[in-house]
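First chain written, first letter: the chains are A, B, C, D, E, F, G and H, and each begins at residue 1.
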Amino acid sequence: MDGADDPGEIVNESLDLGYATLDLDRARRQGVAEVVYAPGKTTAEITGIVTALLAAGAGPVLVTRLDRAVDVPGGAYDAAARVMVWRPAATRSVDVAVVTAGTADGPVAAEAAAVAAAIGLRVREIRDVGVAGLHRVLARTGELRAADIVVVVAGMEGALASVVAGLVAAPVIAVPTSTGYGAALDGVTALLAMLSSCANGVTVVNIDSGFSAAMAAHRLAMTIEAARR
Amino acid sequence: MDGADDPGEIVNESLDLGYATLDLDRARRQGVAEVVYAPGKTTAEITGIVTALLAAGAGPVLVTRLDRAVDVPGGAYDAAARVMVWRPAATRSVDVAVVTAGTADGPVAAEAAAVAAAIGLRVREIRDVGVAGLHRVLARTGELRAADIVVVVAGMEGALASVVAGLVAAPVIAVPTSTGYGAALDGVTALLAMLSSCANGVTVVNIDSGFSAAMAAHRLAMTIEAARR
Amino acid sequence: MDGADDPGEIVNESLDLGYATLDLDRARRQGVAEVVYAPGKTTAEITGIVTALLAAGAGPVLVTRLDRAVDVPGGAYDAAARVMVWRPAATRSVDVAVVTAGTADGPVAAEAAAVAAAIGLRVREIRDVGVAGLHRVLARTGELRAADIVVVVAGMEGALASVVAGLVAAPVIAVPTSTGYGAALDGVTALLAMLSSCANGVTVVNIDSGFSAAMAAHRLAMTIEAARR
Amino acid sequence: MDGADDPGEIVNESLDLGYATLDLDRARRQGVAEVVYAPGKTTAEITGIVTALLAAGAGPVLVTRLDRAVDVPGGAYDAAARVMVWRPAATRSVDVAVVTAGTADGPVAAEAAAVAAAIGLRVREIRDVGVAGLHRVLARTGELRAADIVVVVAGMEGALASVVAGLVAAPVIAVPTSTGYGAALDGVTALLAMLSSCANGVTVVNIDSGFSAAMAAHRLAMTIEAARR
Amino acid sequence: MDGADDPGEIVNESLDLGYATLDLDRARRQGVAEVVYAPGKTTAEITGIVTALLAAGAGPVLVTRLDRAVDVPGGAYDAAARVMVWRPAATRSVDVAVVTAGTADGPVAAEAAAVAAAIGLRVREIRDVGVAGLHRVLARTGELRAADIVVVVAGMEGALASVVAGLVAAPVIAVPTSTGYGAALDGVTALLAMLSSCANGVTVVNIDSGFSAAMAAHRLAMTIEAARR
Amino acid sequence: MDGADDPGEIVNESLDLGYATLDLDRARRQGVAEVVYAPGKTTAEITGIVTALLAAGAGPVLVTRLDRAVDVPGGAYDAAARVMVWRPAATRSVDVAVVTAGTADGPVAAEAAAVAAAIGLRVREIRDVGVAGLHRVLARTGELRAADIVVVVAGMEGALASVVAGLVAAPVIAVPTSTGYGAALDGVTALLAMLSSCANGVTVVNIDSGFSAAMAAHRLAMTIEAARR
Amino acid sequence: MDGADDPGEIVNESLDLGYATLDLDRARRQGVAEVVYAPGKTTAEITGIVTALLAAGAGPVLVTRLDRAVDVPGGAYDAAARVMVWRPAATRSVDVAVVTAGTADGPVAAEAAAVAAAIGLRVREIRDVGVAGLHRVLARTGELRAADIVVVVAGMEGALASVVAGLVAAPVIAVPTSTGYGAALDGVTALLAMLSSCANGVTVVNIDSGFSAAMAAHRLAMTIEAARR
Amino acid sequence: MDGADDPGEIVNESLDLGYATLDLDRARRQGVAEVVYAPGKTTAEITGIVTALLAAGAGPVLVTRLDRAVDVPGGAYDAAARVMVWRPAATRSVDVAVVTAGTADGPVAAEAAAVAAAIGLRVREIRDVGVAGLHRVLARTGELRAADIVVVVAGMEGALASVVAGLVAAPVIAVPTSTGYGAALDGVTALLAMLSSCANGVTVVNIDSGFSAAMAAHRLAMTIEAARR
């Protein structure tokens, strides 16, 4: 922890496409290139950005929240996850468990899993093990404890995050979903509940953001890999 | 279910003390006299109301949220519960389990237990079995299943309500507490979470209201007792 | 209330359908099999789950919030309630009154009534007796007092819950509805108002959740039936 | 309704005291001089404003939310209402009923009653007739119907406003109070509930503002009196 | 103010249509029959209720928030107000000014005006006089002061209510509208602002509820008319 | 507008005091040194920071929200504004009008005025001209129009900001205050109302932040002064 | 700052079109005629208002939030900004930089830029320089410092406003956008964050209101231009 | 990731102290014994729990939010952090940087640092580098990049979390603080902003919870250490 205190190491790499200013230093700095968030962009803009990112680097390129495949060669579109990927990364030896409380949490978990897999993490999905039938999650305790990182995806009251965090020692990244109605407040209730968890050290990302959970897992994987070196 | 549709059965029994209009028909109608909520009343007013209620009926008289005993003969003051009781009811054969997630939920549970006991319910308290160490509540499953009614008292994310409701078949009355800070929003988070529980048929009362839980239990006990007759 | 404290009694019965992990122990544990919530599931998934539940047990199987009947033999679809039922339970001797404040509360009351009936409860519906014309509810006092359990369904300010709870001794389960606009905040106002009721012992379930009210009634009925034995 | 459209009729009467700019045209324009709100003002400032108002006109002068009497001759201090009055108005033939749901609503009702009386309205107070014991308010129906204006003061869920508005034809001014805790949200719940009332034509003023209710009643009285002429 | 305290005067007049329980005592009690709120009702239900109300009384019958005319003879449909009226009342000598801040507040003002006119109030509309160009409202001061009741319809920050209430002595009924976006919070900002008005005695009804304002005006008109007798 | 695009011009001037890292480049970059916010700092820390800032530059040094003077020579403490100033700036030819709606807004206006004066702006205070008596603000139109910048300080519904912004062409900086209670929501209502103003181009700063308004005025003064050169 | 205190200078110029009351004094008073906000107006109304404004003055006439061009000769429609302009103003020597954090903030920035340009301000757009890749905004520091006024358009957490305000001395007008989902709360999070900025003197306008930012810039430009004279 | 799916591995180790049920399996399961949260517990209870935990295991024992030292031998009390520690862990080779935006964030950072140090993490504190003077944090980029885990503690708008997360590749745990007033909403604004960060993979814990951040860091450290083996 004795890095040089040098603002000069801010690298001024960017590409102005007119409609976007790409951060071409991102992959060097954080291990993955900018991920393209599709909503609010035209197909032409998405195509242009993907093409530019493919040209600028060698690693994976991803688009999320994409309603249908765009026409850039070499990509694979995952409709359940609404994610499209070019040049997925080689598998890294970091295990992520993605756990859901109910069937309705599936699309968010799919996004988390697809993004994590595209950047090389090993993913195990454990579905529909909400706490109303506690034996379902208890039966998976072994799998959960075997993971390096656990992503818990849950809506309604989000209690699964607390229960899982009580069972494992690994980092728990909780993703509240907008599942449930009325008092579930479109995911705000699960968000607040996860932040207020009685289980120590649960961390939380934005509502329905499987992507954020995957990127948080990526940050940890970067540190784990550095630790192994 | 063929009661006479007669508004005439509205009984016009009340007593105007100037500072309060007592509902003297309450005990006949609902099995317990009006319970006195102390905040906002002077000691003289509390004393006056208690004296009037003792004179008007034969059953238990209670004051809740009372900071110190008032001087009306025959009462017993419970400091932990902040409840004072005159003429507690004889024990009824209805079992209520009062469960807490953490030590900080204690005062609310104490109020629920004291009120329930004063009106004759049999109370078993199960303390500090929050889901972060799940084995604690699992170890009490038998006791929980033996109860006719389960009151779950929990703050923070309130996950214990969902877990307990998944384990038992009996009615679950969830009491959110103002335990926790920041995103716990003084109990609002637990309240919303309990209302959004993935476990079926959980019912919820107001934040920190052990009293409401006890009275909801009383309503059910009235029905159980009627069923036994 | 001397149950064995044995976590070993957690029964590990579940069925992994890939898209769902069914809790096959639910009917044994709580008297009714898992109820299927249709939104977010494909027709194929609903059909698959219903078929599996029918195969795994002998009791009623229900789907709620279903927009049209699915093609599994033996089911009856109730369009007003948006509920489909297979193998409804025999009638149990527990009476539930379902009361609404206004016409717009009808669909939520219909769900509560349909689910309650499917699991064997005897239901009496009392419609459109909001407090703006108080004589309407007063005229039904006899019917309300004859019920073992009262479900009050109301939107806007939800005042009917307080009025009914003041008239009867039985358990009152309040269901706020998203009726009303502006300051009614899609049911949040009725929810908060019911939780703040001046009538003792009112319990509350999630906004528009007739289903939750019916399941809470089921829990009460389980206890009442146990008491009769 | 054919008033002259003349902005020139804006009368430029004001008095700059340095710490305050008094609107000396208020009594001419609206029938009552500016009422002094004590919080945030020093005793010297209150004394100065009262003295100036007494000098500038001939009608009643009032200070609200005043913790103790100030030293300006001729005033009467009402501790329960926290109101001090100089030169109260002669009684006007307009009847206002001020109704409360519970004892804790008393101080707000006292402020409404004291201000209304000081400006000449005839006030009848009806206390502690909340809807949990409905016969209490029904017993007062005659008195309520005899009033020209009804002010309903209630906290918690505020249901009394809807019930009273269903019983009377007169204007109903609802005052939510900060009574109740937790889900009562310091009066916000009663406020929202009163605004969402199923009874037609209920109007609402700010939380705990007995003063606003009295001034709204004053506006109504101005119109009633004009109608009589 | 010496009415008989007799709950017996609750008149038990209602009509059960199956889908609705009509309060047939409403016109006697409050001067106008129940007004039908169209949303959530089928055309057949609306037709049935209107027919029943026409048969049960002799006064005006109204439907609000109606998207197109229903087929019951004798009605007039006002598309701007979305109100349909049968047997409008004769004109009463009570003047109501309906003022708007901007063009977008028009539909809410139209509802207020249509309902008020249908029940016999004399309406003057003053449009688009928001405070950003203050001379517009100042130019109408004479008309405003000539009214018995002033209804102020405004969205965004709702400042017009305070300004008008400072200019007139008559009752001011403020109607917040859902005009504006972002921080206007669909009318909640205007609602809160109007409740917090620095002008004394402003009363407020629900967001976008021109109907409530008209009914509040009706209550006042009842009292004015009684005063004249 | 053709500045050199050079991140190298980020100047790395800071001073680490252990408990604080002072931005010594601030005065060069923005015309005023860091202003010290007292809450949460010990007297020793405040003294240390002030001493360091006095040593590091030549311009004014300020502490805000200070309950009593600290012992550093050369400072002047303004108790009404709770501001202490060393080396106030020479007067600059920029006029700022600070207008309040009511007496209770005084402390916030005092902070705005004191900070503005300390950094050399010419301040005119216009007090207590809320819109309930509109003639008060109209009488000051000339003064308002003579200012280069108008700061409007108002609580409750904040309507004064809209009215003033409709009268003047200059920049209007609105400061909501936590004046008012209940629905005023501790200033949130005024904040939302000011952001939703129907008058064009009103800008808003944080609740009760007279300081922020003064600094926003300072930014504008910097531009005005540059324009004059 | 010694303007005549004369309310007589309120000029009573307005034009009643029936559906709107135009403030014809606006251009004289504030330098730009009323800008027409299209939502909620019919095409005929928009056409009528534009025609009247063109006839009444000589300066620019604008319509915002317009989905397609209206048929009034001489106008230019900007689809990206959804703004239509007649008689744009000659260029004034005031420079405004409009900066966005991401591509999704584009439409709001386009509205700000189009309105600013139409009223004669010189606009430089700097796109997609959010803080996640800080070098992007640092690279534009020179351009930012060359502007007289900086408008920062950002959604999500809105951090760009604080960073830019720390880099420049000029006035910063922050526009929160409804970009982002879940905890971004449709722009409320960015709004609150900008209001709470640790950078001094940031001012804020309503969510997504590029128009308000442009008008605030216009007010600043009026003052700057006056200063130059 | 092929753990045995065995709920039997739930270990039933707990100790019932009457006022608390200690989870004695916690250290085995998660590497650290239960940490005692002092608020709501008596000194005797804290002493009892600490004594029991010291007896039951060999690792560190901690009490947080403790206002003064308790009398159990061997403990060290840190007043700034309000943490007391017995048997601190040996230093582990995991580096945590704890960064604050301002001086007022100090106590929360101190709690994070004290807890992290007590469980053996190596902590580097970087204080008062908020984004208003961006060069302060840029100057520390090297230190930040040298850490395995970065904890960012910030109130107000919380922008520092986004800026730091854009600079480093390691996991970022953001702790919102209740610093700031008004629109900062006691930390809710920073919380929402951090959850909405434009920088990828930021995770968030509860407001003011330095403890949660330390425990999240501990979970990460457990995984890093496992990876090294």
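The rule is simple: a contact is a pair of C-beta atoms (placed from the backbone, for glycine too) under 8 Å apart; a residue touches a chain by one contact, two chains touch by 3 or more.
These numbers were taken from a predicted model, which means no experiment stands behind them.
Path length between chain A and chain D in the touching-chain graph (shortest route): 2. For chain G, the chain with the farthest CA centroid is B. When chain centres are set by their Cα atoms, the one at the greatest distance from chain D is A. If you average the CA atoms of chain F and of chain H, the two centres end up 37 Å from each other. Computed from the mean C-alpha positions, the centre of chain F lies at a distance of 23 Å from the centre of chain G.
The distance from the centre of chain G to the centre of chain H, with each centre set as the mean of the Cα atoms, comes to 44 Å. For chain F, the set of residues touching two or more other chains reads 7, 10, 12, 132-135, 138-139, 167, 180, 182-184, 188, 191, 195-196, 200, 206.
Residues 101-102, 130-134, 138, 156-159, 162-163, 165-167, 180, 182-185, 188-200 of chain H are the ones that touch chain G when the two sit in their complex. The residues of chain F lying in touch with chain D in their complex are 103-104, 106, 127-129, 132-136, 138-139, 179-184.
Of all residues in chain C, those touching chain A in their complex are 10-14, 16, 18-21, 23, 25-26, 34, 37, 39-41, 45, 176, 178, 186-188, 191, 206-209.
Across the interface of their complex, chain E is touched by residues 1-7, 9-10, 29-31, 35, 95, 97, 122, 124, 135, 138-149, 167-173, 191, 195-196, 200-206, 211-212, 214-220, 222-228 of chain D.
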